[in-house]
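Shown next, in structure tokens, is the structure this report addresses.
Order of writing sets the labels: A, B and C. Residues in every chain begin at 1.
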Amino acid sequence: MASIIDIKTECALHVRDFEFTYKGATAPSLKKVTMPIAKHSITALIGPSGCGKTTLLRSFNRMHDLYPGNTYAGEISFEGRNILDPKEDLIHLRTKIGMIFQKPTAFPMSIFDNVAYGLRLQGIKNKTELEGRVEKALEDAAIWKEVKDRLKHDANGLSGGQQQRLCIARAIAVEPEVLLFDEPTSALDPISTQGIERLVIELKEKVSIIIVTHNMQQAARVSDYTGFMYLGELIELGETENLFVTPKEKLTQEYITGKFG
Amino acid sequence: MTAVQKRIIMNRIALGFSTLSAIIALAFLFWILAVLVMKGVNALNWNIFIFEGAPPGYAESGLKHALVGQLILVGLATGIGVPLGILAGTYLSEYGKNSKLAHTIRDISDIMMSSPSIVIGAFVYAIIVMPMGHFSAWAGAIALAIIMIPIILRTTDDMLQLVPQTLREAAFALGAPKYKVILSVVYRGAKAGILTGVLLGIARVAGETAPLLFTSFNDNFFTTDLNEAMPSLTVTMFNYAISPYEDWQQLGWAAAFILSLFILGLNIVGRLILFAGKRK
Amino acid sequence: MIDKLFFNFTRFSAFLILVIVAWIFVVLFNHSLEAMHAFGLDFITQDQWAPNLNKFGAYAAILGSVLSTTLAMILAVPVAIGVAIFLSEIAHDKIKSFFGISVELLAAIPSVIYGMWGLFYFVPIIRDVFGGMGIGLLAAGIVLAIMILPFMAAVTRDAMNTTPDILKESAYALGGTQWDVIKDVIIPYAKAGIIGSLILALGRAIGETMAVTFVMGNVHKVPTSILSPMTSIPVTLANEFTEADSSLYFSSLFGLALTLLVMSFIVIAIAKFYFLRKTRRA
């Protein structure tokens, strides 16, 4: 029923018949989702609240495992293996698939230590290497110029938009393959939002990006592919332009024209 | 060994330690509970409720004097402490609000709540027992009431603040004077919470021994004279436990068990009321 | 008219708290004047407490309070932090509520019962293992530690639980283990609250009377070992207040009470106003 386009280029992730059930729930929150995620492009997930888009996003780095009792079924393949396998090394997986949250989440430490955090977790202790990689990450996150003179300052002194870019720097410092964005601009003002959107577009050179957004315009502005979800199902996945201009499914059309939401 | 492997091992060790500490803590606590229940149940019999204190060795020896004394002391303390605590809490929530004075009173009262209760006993000794020349139930009850006031004040203040402002405004809009709004609308809205606070406050002072040692003192016989020394379960328990006589020690455990049940009951009822109030 | 009356009633009751607290300080101060005049600073620096000679030096009791609470803190703090971590980060919901009920149960037990348990069940063990009389500093420290543990663990857990989930998830999302998240995110984030909670528990331990009265020994001597019987301020008050037979003796006991009140006031105030200010009231 659903209308899922074939992705001709290489895929970063491939979701097949994926089901997810929260602890204690009788019905799955995600039902038989099948979805390819193109490499080095941006895939947006849209849909009314409660449709499962964030639940799906948090499955890619197995975030649901932090709360026991949730169950997965089906397959999400990444680098040739099914990451839903109970034997999957989650520490390794999460360094390969990074995440940015709804609100900036600067740790209670200095700007430098925030960005160096993931690197140190991987055992990098060499000061020159750390400094080099922190600077590179901050530059890639377009925040180096603003913070280079106060790297030792507490990260919580930065503005919301700066903190969110710091979090992006922290995530890309460990050089992941995929970055997950969970409504990254929902707590930011319009100008900071613009900055983050520009940054997301630049980042796709290096990483594959999945972004959940409640804002259809944002999906239209930044993404190459858009998936529309409704009641736990992926209704349609298409090239962004096509999906917004000539949706194949009636539900998609009703949603993007504002008939419900 | 890679850095990640090291971290995983470190994680196991740290989580193992914290689980171990939880097990140690629980083990000690259950040991105490088990002792209390076993010793207490063993020592329980009807004589306890029928007879008053007797010299060691007598079979007709009980805790009637201490049970009644305890109820009188806690009842008196409740009669003094609860109205004062509720009124003071009302002042903070309805009149003082965010004024500097109100905050000072809250802070001082908070500190009082954690202050040593034996010091309150010394204070009451100085202002009541010394001038009167003898120990008395009044002195004990006042010491307990002083400990109770900050607890009741705090919960009343918190609970009244939870009553929505719109409710007050609606009553004012009908032309009700402030005291009527408070008495008939605000108190009614916070009824369950205040009642819970009162019960928890009673439970807290019922277990106090230190402030009674030199205010109501103790008596091995039944009395209802408020101007005389009055026995209580806690002080009796203390005296019997440090005595060298086994039958007195037994009675001490029985007193401990009865008092713990009473306090636990108050706690449970208090929480049930709050729970039922929340569900509505 | 009634409105005004009601207002005055409530205001009177609220002021009464301030009056009582001030009154306590004034009364204790006045009654300790005689001892202050008689001994001056010697009162807190001399350890000879000899009612028969009318000589009262509180050093041993003050030291006893400091040592027993310090020992209790050394024993209780690591365990309490461990329990708090277990409760906030490891335990499943069922275990959490089981532990919650246990803590309620224990809060319901009057402290005098902890003392009875200590005297009858724990002191013999210390006597068998370490020799000596069993009662003394070690027994007091352990009983006090057990006594404050539930409160300490509960408030420490509450402090840790103020860490936003999203902040913890961010650290997991970078490949952190639970322990990484605890030590790098939760503890730094909740630091002030945790320290405040621990100090608040310390404030309570200082004034705790009944749990230690049984097991301390009530001996006014500077301890020579961790097994030495000794005394503390509340223990001295509990044992000697009704036995005092001279006005100087009484005055010295009031001096002790004042010292105890000042000590605990300072500790609690530091906890509340320095560390817990932010989290106290929204």
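Here is the rule we go by: contacts are C-beta pairs under 8 Å (C-beta built on N, C-alpha and C of every residue); 3 or more make two chains touch, one makes a residue touch a chain.
Bear in mind the structure is a predicted one, so any value in this text is a computation, not a measurement.
Enquirer: For the chain pairs A-B and B-C, which is connected through the larger number of C-beta pairs in contact?
Expert: B-C
Enquirer: On a CA-centroid basis, which chain has its centre farthest from subunit C's?
Expert: Of all chains, A has its centre farthest from that of subunit C.
Enquirer: Which integer distance in Å separates the CA centroid of subunit A from that of subunit C?
Expert: So the centroids are 49 Å from each other.
Enquirer: Report the inter-centroid distance (CA atoms only) between subunit B and subunit C in whole Å.
Expert: Going by mean C-alpha positions, subunit B sits 17 Å from subunit C.
Enquirer: What whole-Å value do you get for the distance between subunit A and subunit B if each is reduced to the mean of its CA atoms?
Expert: 52
Enquirer: What residues in subunit B touch two or more of the other chains?
Expert: 4, 7-8, in rising order.
Enquirer: Would you please write down the residue numbers of subunit C that are in contact with two or more other chains?
Expert: Only 175, 177, 180 qualify.
Enquirer: Among the residues of subunit A, pick out those that touch two or more other chains and give their numbers.
Expert: Counting only residues that touch two or more other chains, subunit A contributes 91-92, 121-122.
Enquirer: Give every residue of subunit C touching subunit A within the complex, in rising order.
Expert: That would be residues 92, 164, 166-177, 180, 184-185, 188-189, 191 of subunit C.
Enquirer: Help me check something: in the complex, which residues belonging to subunit A touch subunit C?
Expert: 61, 63, 66, 68, 90-92, 94-95, 98-99, 101-103, 105, 107-109, 117-118, 121-122, 167, 170-171, 174
Enquirer: Considering only the defined contacts, which subunit B positions touch subunit A in the complex?
Expert: Per the stated touch rule, the residues are 2-4, 6-8.
Enquirer: Please name which positions on subunit A make contact with subunit B in the complex.
Expert: Residues of subunit A touching subunit B: 91-92, 121-124.
Enquirer: If we count contacts the way the header does, which residues on subunit C are in touch with subunit B in the complex?
Expert: 2-3, 5-7, 9-18, 20-21, 23-24, 27-28, 31, 78-83, 85-87, 89-91, 99, 102, 104-117, 119-121, 146, 149-150, 153, 175, 177-180, 182-183, 200, 203-204, 206-210, 213-214, 234, 237-238, 241-242, 253-254, 257, 260-261, 264-265, 268-269, 272-273, 281
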